[in-house]
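Shared between the two complexes below is chain A, which pairs with chain B and chain C, respectively.
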Partner chain A sequence: MKEFMEAATVLNNRRVGEWKAQGGRVVGYTCSYVPDELFHAAGILPYRIRGIGASETTIGDTYFGPFICSLPKCMLQLAGEGKFDFLDGAIITPGCDSMRRLDECWRKAGDDNPGVLPKFFFHFGVPHKYSDYTIAWFTVEIQRLKAAVEGHFGVVITDEKLAASIRLFNRGRDLLEAFDAFRTAEDPPIGGADALAVIMAGTTMPRERYTELLEGLVGGLGRSASRITGKARLMLVGSANDDVELVCAIEGASAIVVADNLCFGSRFHADRVSEDGDPIEALARRYLAKNECPRVYGEYKARLATLRHKAEQARVDGVVLQNIRFCDLHGSENGLFERDLEAAGIPCIRLEREYGPLVETGRMKMRIDAFIERIRQRRKTA
Partner chain B sequence: MTCVAGCDVGSLTSKAVIMDGDRIVQSVIMKSKAKPWESADEVMRQALEKAGMSMGDLAYCVGTGYGRDKMTFINEAVSEIACHGKGAQWLVPTARTVIDIGGQDCKAVKLDDAGNMVKFITNDKCASGTGRFLEVMAKVLGVELADLGALSAKSKSPVTLASACTVWAQADVIQHLNDTVPLEDIAAGVNAAMASRMAVLANNIGVARDVCMTGGVAKNEGVVASLEKALGVRIKRIRKSDPQLAGAIGAALFAKEKVDGGMR
Partner chain C sequence: MRPETREYQFDWMLWSCFSAASKLNAGTPKEYRRMLEYIPSFRGVVETVLDAGEPGQRFIEICATYLDNVINAKSRGQKTAITTFCFSPAIFYAMDIMPICLEVISVMMTFTYKRGTTEFLDYCNEAGYTETSCSSQRGSIGAYLAGLGAEIDMIVTDTPGVCDTNANAFAFAAAYLDKPFFQLDMPPDLTGERSNEYHRADYTALISFLEQHSGKRLDLERLREKLIEVQKQDEMIAELEELARMVPNPLPVVYNFMVYASRFLFAGMPECTRTLESLLALARQNAAEGKSGISGGAERLRSYFCYIDHYVQNLKLWQMLDANGICYQGNILSRSWASNAPHVREFGTQEAAYTLDTANLDGLIDTMAMLNSRMPMIKSIRGPYDAPNMWLQDTLSLATMYNVDFIVYNGTPGCRNTWGMVKLLARDTEKAGFPTFIMYADAFDERVQSWETTRDRFMEFLNVRRLL
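Here is the complex of A and B:
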């Protein structure tokens, strides 16, 4: 667990350091719609850019202004402080409008402060719909990214290498599926904060080592006699969260997060990439088909069905619908989820929070405590 | 006699209630100190002293409010949301929606017939619409907080505050004072602004009748009347006890349930 936790909570973790010491290159990305396999096939470490550890947002506020999500602001803050100097490149997507603006703000910060912008800086387009024509467009966009990576880093990404990377990442997805089964079990052997760390570590360390660690963990959990019992079972949904501490604050002493639908969480490993046919098109199909993010238009019913399915499978007592302040996508969709899940008999609580160091744990704790009391009252009267 | 107690430490005031069965034996409301555990110790000490009792005479004690986890003498901590719901329904048995405005937060709680929480919401954006808002405005107006309601009742032409932000609303109030607008009209504007913020929150969970209001602000008739207007429903006035004690009463009732249930 220690290595997973270190990879999930330390930006320039030990494995990244070793990779760099061996001359390896690292490319960061901001959104789960970027295909890691492409970088792995190029011999580059794909690294999901984080916002953890920012203790202020003076740089972020300068470029973004006050009324916007604090996650990209924290990312820019860390970049401005030199915390991402180990990155050889960065990919920005229009995951949401705040994240899209990171492209412009980071470039401007780079103009003002030479060295802040990685040498390879790429805006990667992601359609907002899933259809034949958007898959075709996205396939071309991945080819454009591939050509840019090959050109900048002087590498060739062959179909064979890409197919091998897809197989390796699919192996990781299979293992994470097996891991999820332990996590959602009746008396799980692992809590929600640790589970998030396990999943997130996959975005910040070399894939071979991660797969090896996962195999050991899943095997170990199968043999473990340790069980977490007597807690209110929660599912965590909503805005991006890469902070293990947030899950700790929610779990407190009387709850356990047994399931999630976060892009840093179990959404990350949902669905395999097809190992047949053209690998670029297979990547386009898998990554664009991830409709769980509210950035995808016209998929609300499918997302609701996913949540209901997950809630049922994990036998959750309640759902925490959180969003970062000014997150319009999750903020508005959480309102719909609350309406529809409550109507289906699943208690929900909505939490609006600041990202990162500004998180208001006192008031959040009060609301979570009350939510758990509501769940317990409900159990008593059921 | 089996006495239980509830202790509610808020950001502005601390409250303690000692109950024997369904009867309030003694209660205290005092201004909170900087450290919540000191407030808890002091308010409980005063309540026990008034009742002529000691901690050993209490069968069970429940703590609530922001300082609940720091209280050293309680048997259990329960959130203020649940306590206000519980206390409000004891004060007004027909209450199904409870609106509580405390020092630094405001909440709306929907209850079922048994007093269980069905839904709740709290302010999570800023301190606008809380007791602190009124406190700041009363200070700017140069009146006592407790007089704000009576003052606003005299208003003939309430002002409208342009901003919901406490700091900017304060600037609005200063502007009105400079323009020599009568104090009562500004006070009425302050109360109406407070009520409209609270109405947004209450409407979010859906208002079910009867509605009652707890917390210190429930004693401000100007806010209560403005809120009735904003929500379009009559708010049941609490007569049985001080509405500011609702959280502590709820905590004491949870303590009583523990004792009645054999402390399981």
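Here is the complex of A and C:
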């Protein structure tokens, strides 16, 4: 667990350091729509850019306006402080408006402070819906990214390499699915904070090592006799969360997060990339179709069905619907989820929070405690 | 929401106000003046618009007609579609679907009622929609979520890829009301064959959606007719834009507002043409006489609003500009990106403009797709603000062409997109020599910042920068 936790909580973790020391290149990306396999096939470490550890947003506030999500502001803050100096490149996606404007803000910060901007900087257009012509567009977009990576880094990404990378990442997804079965079990052997660390580590460390660690972990969990019992079982849903501490705050002493629907969490490993046919198109299909984010408009019913299925499978007592302030996509969808899940008999709590140092922990814990109290009373009267 | 607000359909109430206002000029001057005393919360609008002469009268009339169409669409056998200001309504009219434009209705309520749209804004939050979302949709969508407006058949937007909070409002409403939903998606690049193909495919899918949910086939002749009318309207707008370059500008400050509102409500329809003809006639006359459009007759400053306006009750923004001799050189909403627009010709940006081709079905679809993808906001803020043909280039071109003295940004706190880059834009426009003022008000919700504070800060900017 130690290595997972380190990879999940330290920006420039040991494995990244080793990779760089061996002359490896690292390319960061801001959103789960970027196909890791492409970079892996290029011999580049794909790294999901985080906002953890930012203790202020003075640099972020210099470029962004005031009514903007604090996650990209924290990312820019860290970039401005040189915390992402190990990145050789960065990919910006239109995951949401706040995140896509990181493109300009980071570039301008780079103009003002040479060295802040990685030498390879790429705007990756991701459609907002799934259809034959959006897949065609996205396939070309991935080809465009591939060409740019090949051109800038002087590498060749062959179909064979890409197919091998797809197989490796699919193997990781299989392992994470097996891991999820332990996590959601009755009296699970692992808590929610640790589970998030395990999943997130996959976005910040070399894949071969990650797969090796996962195999060990999954095997170990199968043999483990230790069980977590007597806690309220929660599912965590909503805005991007790359902070293990948030889960710790929610779990406290009386709850356990047994499931999630977060892009840094279990949505990251949902579904597989087809191992047949054109690998680029296969990536386009998986990455566009299977990341269930509210940025894909008009798909609420499908996402509600996913949530209900997950809640049922994990036998959750309640759902924590959280959003970062100014995240209207998750915030609004949380309102719909609350209406429909409550109607289906699943207790929900909506939490709006700031990203970054958990200055609101007290308020949040108080509300979570009240929520757990509600769940317990419900159990008693059931 | 107050119980009394639930007593009447909100759109009927609004129609009632505009319908009555459209008849005010039918009385004697004495009757008109006396009537104003009875509508203290609306008189500023009435006076600002009707004082513009025949164009103002026509404008109030088309607002009343539009609202009449909204409330009576179903009884007239039409389908209704909730849509957005940056979506050309011509396709809906061509398919006999009544477009209900949320933002324009929010504007109407904001400047007409003392309470603005506050109850509907807040009702959205009760329904689960975030309070940080844009007030332009939220102001009227709350009424529909509460079941206080015309019956809706479908929801259509074209802002994915451009504005999350806009697209999200429509997606939320579709899920909440369980209505069919369609989105036109915008790739980050405006130009190039790849984007064109994408727009074309997306627009073709839209037509299928509209046919499916309206039960009617697209009538090509009717669409052609609407697009020929759009072309005629664009030519008139181009002439208005050209006239606005004169010093003094012969256009009254409220003209831009009337131009874009007319287009959003009735593009491709004779109602819009008649209003534009009327605006143009008066502007030509002023130009021929060398008269300023400012009511006091003296043009002191020329302003360009790089985003939207402030729709506080009684159109106080326009009154403030006019009272201070500040000429209004338009905003992002009043621009037409037709290939015949003067700024398009002058800055050689034909590639980023649209051309009307009514020859055959492919031409019509292409035209609609290109027109729609170049609507205000859709065109300028879809990609990086400093990319070719995007916000910075458009702003600097127009500010230069109109020889403006300063640039103003106003929006809503819900606008993630522009607030994500407006500081950068302002830095660049300042470097280019244009004093730039960022307003922190909400164009649709005075509770965010009172009009008095907004006005004082605006005037403070002009004074501190020694513009006045």
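In the analysis below, the second predicted complex is superposed on the first by the 379 of 382 C-alpha atoms of A that agree within 3 Å, B and C clash if a C-alpha of one lies under 4 Å from a C-alpha of the other, contacts with A are read in each partner's own complex, and residues count from 1 in each chain.
In this text, a residue touches a chain if its C-beta (ideal position, glycine included) is under 8 Å from a C-beta of that chain, and two chains touch if they have at least 3 such contacts.
Owing to the predicted nature of the structure, the values given are computational and were not obtained by experimental measurement.
In the superposed pair of complexes, A:104 makes contact with chain C only, with no contact to chain B.
Once chain A of one complex is fitted onto chain A of the other, the partner contacts of A:63 are limited to chain C, with no touch recorded for chain B. In the overlay built on the shared chain, the residue A:363 is in contact with chain B alone; chain C does not reach it. Put chain B and chain C next to each other and count what each touches on chain A; the higher total goes to C. When the two complexes are overlaid on their common chain A, residue A:297 makes contact with chain C while staying clear of chain B. In the superposition on chain A, A:131 makes contact with chain C only, not with chain B. In the superposition on chain A, no contact is made by A:179 with either chain B or chain C. Of the two partner chains placed by superposition, only chain C is touched by A:336; chain B is not.
Legend: residue contacts after superposition of the two complexes on their common chain; A:96 is shown touching chain C, with no touch to chain B.
Overlap of the chain B and chain C contact sets on chain A: residues 325. Across the complex, chain A meets chain B through its residues 325, 342, 350-353, 362-363, 366-367, 369-370, 373-374, 377-378, 381.
Here chain B touches chain A in the complex through residues 66, 78-82, 105, 114, 116-122, 124-125, going by the rule given at the top.
Within the complex formed with chain C, the residues of chain A that make contact are 62-69, 94, 96-98, 100-101, 103-105, 108, 123, 125, 127-129, 131, 133-134, 137, 140, 294-295, 297-298, 300-301, 323, 325-329, 331-336, 338-339.
Against chain A, in their complex, chain C makes its touches with residues 127-130, 132-133, 157, 160-161, 163-165, 167-168, 170-172, 174-176, 181-183, 185, 187-189, 194, 197-198, 201-202, 205, 384-386, 413-424, 427, 440.
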